[in-house]
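Sharing a structure here in structure tokens format.
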Amino acid sequence: MDFGPYLLLATLEGLVTAAVLALTALGLSLVFGVMRIVNVAHGEFFMLGAVLAWFFSTLVTGHPAFGFLLALVLSPLLVGAVALVSERLVLRRLEYNPEATIVATIGLLYIIQQLALTFYGPEARPVAAPFDFRITLPWFGYSGYKLAVVAASAVLIAATWFLLTKTKIGLVMRATQHDRETAQNFGIPVDRVYAGVFALGAAMAAVAAVLVVPIQQAHYLMGLDPLLLSFIVVIIGGLGSLRGTVVAAVLIGLSDGIISVFFSPTLAKMIATLLVAMVLVFRPQGLFGTVERR
Amino acid sequence: MAAVKPLLAVRGIHKSFGGLNAVDGVDFDLSRGEIRAIIGPNGAGKTTLVSLVCGREMPDSGQVIFEGQDITRLPAHERVRRGIAYTFQITSVFGNLSVFDNVALAVQRTLIDRADGIVKRHSAADLRGGVHDALDRVGMSDRLQTPAGDLAYGHQRLLELAMGLALKPRLLILDEPTQGLSDGEIESFLALVRDVAKEATVLLIEHNMPVVMELADRITVMDRGRVLAEGVPDEIRANVDVQHAYLGASVDV
Amino acid sequence: MTGPSALRALSLHVAVILALVALHYVLPDYHRGVLSRVLVLAVFAMGYNLLFGYCGLLSLGHAMFFAAGLYGAGLTVYHLDWNVPAAFAAGIGAGAVLALVIGLLALRTTGVAFMIVTLMFAQVFYLTTLYFTAWTRGEEGLVLSQQARQMPLGSGGLDVTDLSTRYFLALALFAFVLLATLFIARAPFGRVLVAIRENEERVRMLGYDVFANKLAAVVLSGTLCAAAGAAYALLFGYVGSSFAAIQYSILPLLWVLLGGAATTLGPLIGTLFMFYVIDISSGYTSAYMLFVGVALILLILFFPKGIVGTIRQRWLPWLP
């Protein structure tokens, strides 16, 4: 293949990565934006989504689309429930203290990860895509499903934007993010908002995982990469900024995809991580965030 | 008659936050040994001015000259070592540490500076002596091991003062020191400050007018980032502009 | 240092060291080997404790300092044929330099940002060890030969691979760092670090250069952790990327939390306890890190002061 079509292929792959990453990072960004905590277990919610997707797909025989649809609905719900329980039992007791929360979510990371190892096992297992459709381009064929993933992600992100900006629930969330005490004074049940947001963030990661699992496979260690990449995206895009998160995800997803195709994936990760650390050191508000007024 | 150089001279100081001119061109002289009070309505820029002097904020333009040296760009911790001590408006002691440890940190600073280096250690006896001296002056020698957070508010204020005194400053800046104190505590406080003024210059921000009138040699009145008036207490009391600045009502003395 | 309580503290620490000496003659071979490892890792924990416990800076990237020492010593032995003392010095030097650079950058941030920045720098370090597999052999790692790890001493020599020698070398390092930590905790520098942890702004307005003190803490902490890493490479003969991975940044946090942050003996207790928990549970399941996760949550929820910290708070307030 010539360079041009090769680049196109890399770009398409990058778009798929970006689509999944945007959704995952959005979940993380939402949690940080509203609750001001960093959830280090976010990658494990992602992994859990994928592992559950495999589980549901094995329950249903026949056309893979049925199993997939089941997973798409149930997996985020279950993962959201797990998140809710953790929030109630642990995070709330810590009063969302930033440092204590990080330690606790690290603990949560290991618990979820190791339980997956125990019950799911160390193997990577595939999940069949709901449909098998190839788009034929002049230079190569490309999986229609992958393009569908990009489309689905775009729809979900738009829906999230709609939820945040145009609905009452979104207003309540943004009010809590902006000024927790005033929100409380206005009768907003901040505790319930926090619980809901935490569950929503986890569910978003799970959805992203369900979408990606027919492309990748489900493995108990697959949560680490999305976690780090989401961190990178959220920091570059500015914590709590939806637009920044999406733009950064596209940027990072595309460059990661393209660099990985042409150079070593390890090098790509090294550069990305180093860049992000420097951004945090020298420009903590990222590209789109505003300097915090506390 | 030769002009005596002021201990502190502030020239053309400007500081704005966002669009707000907190301090809008202030010239200010402080003579050695005086007790100066800065008063003014809320938002007048008193705390900002004082922050510019002790180094917590850097001015947008202008100069701060202390003992003849330009300290405008000097970081806060250096200014403390030059002899400027600041006590916080909202009490800022080390709540989890004992009263002894709180003051020890201040005493340690002066001992390290005197010992000329970090390797040559001062003795534990010197440290204890310094702490006892400072606490004796404020009358808190009996509570050495109490965690500072367990003290009553008035005593925490005294502890702050002790920490400031332990630094052996030449300029002591007190930011609303009598806020929250009972009348009896205020009386002791007045005596203490007069005692301190024998060896240090005192600059205080206050809202409590009786205290200001009692204590201050001179008063500087600020309003909206500028110096409105400056003079001895009687002059200020009679000053019409000052009365207007306080919401048009006459100053309650 | 004030009189009687300082003497009590010193006696306690010397007693602990002597007890560890005695254990060498009492324990069976397997446990002696385990204890050697624990002592070196406890040095790692003590280094971490300096920054986290005393100064209040939670780093999530300390694996890079341990690994700097590990690779500094390991690579110089493997590729350059350096002898044991020189390699040890190389490891410590590498850690000190890295800590200085990281400190200058990371200390521009605070709180959560500091945690993430240190995490990311450590991740870059880890990826670097994977990238340059030509020299490091990545995950597979390097094995240092037995001959390379002999230490000539006068007319005879020390065989670092010998069980007893290894034990006493580990103990020597541990004892040195333990007493150093005790000294620092009671010195003016230690007081300043604790004060910075409690109320940074106040410390600044008492005339201390907060940045310089924090930087000193980072460098000291990194150097101690690198010393542990260098010792680990030389005593146990294996250098691999897994020691630079995130797990080795989380473990010292766990050890210190469990043993008691800002206590001198806490890190040893925490490391010892957790090592045996993992050792025993890994015999039953490969998911032994589950216990790490559960321990972290229980600790942060119910026992944030850890074992020695709780003892100090409830019964023995003179414990340093």
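Chains here go by letter, A, B and C, matching the order in which they are written, and residues are numbered from 1 within each.
The criterion applied here is as follows: a contact is a pair of C-beta atoms (placed from the backbone, for glycine too) under 8 Å apart; a residue touches a chain by one contact, two chains touch by 3 or more.
Here the structure is a predicted model, which means the values were calculated and not measured.
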- [ ] Based on the touch definition given at the start, go ahead and assign the chain network to line, ring, star, complete or other.
- [x] line
Task: Farthest chain relative to subunit B (centres taken as mean CA coordinates) - done: A
TODO: Measure off the straight-line distance from the CA centroid of subunit B to the CA centroid of subunit C, and report it in whole Å.
DONE: 43
TODO: Could you tell me the distance, in whole angstrom, between the mean C-alpha positions of subunit A and subunit C?
DONE: 34
TODO: Please compute the C-alpha centroid of subunit A, do the same for subunit B, then give the distance between them in whole Å.
DONE: 52
Task: Touching two or more other chains - residues of subunit B - done: none
Task: For the subunit C and subunit B complex, residues of the former touching the latter - done: 1-2, 187-189, 191-192, 194-195, 198-199, 201-210
Task: Partner subunit C, residues of subunit A touching it in the complex - done: 38, 90, 93-94, 98-100, 102-104, 106-111, 113-115, 117-118, 122, 224, 228, 231, 235, 264, 266-267, 269-270, 273-274, 276-278, 280-282, 284
Task: In the complex, subunit C residues that touch subunit A - done: 58, 60, 105-106, 108-109, 111-113, 115-117, 120-121, 123-124, 127-128, 130-131, 246, 250, 253, 257, 285-290, 292-297, 299-301, 304
Open item on the list: Which residues of subunit B touch subunit C once you look at their complex with the stated criterion?
Closed with: 54, 56, 75-78, 80-81, 85-86, 88, 92-97, 101, 104-106, 108-109, 112-113, 118, 121, 124, 128, 163, 167
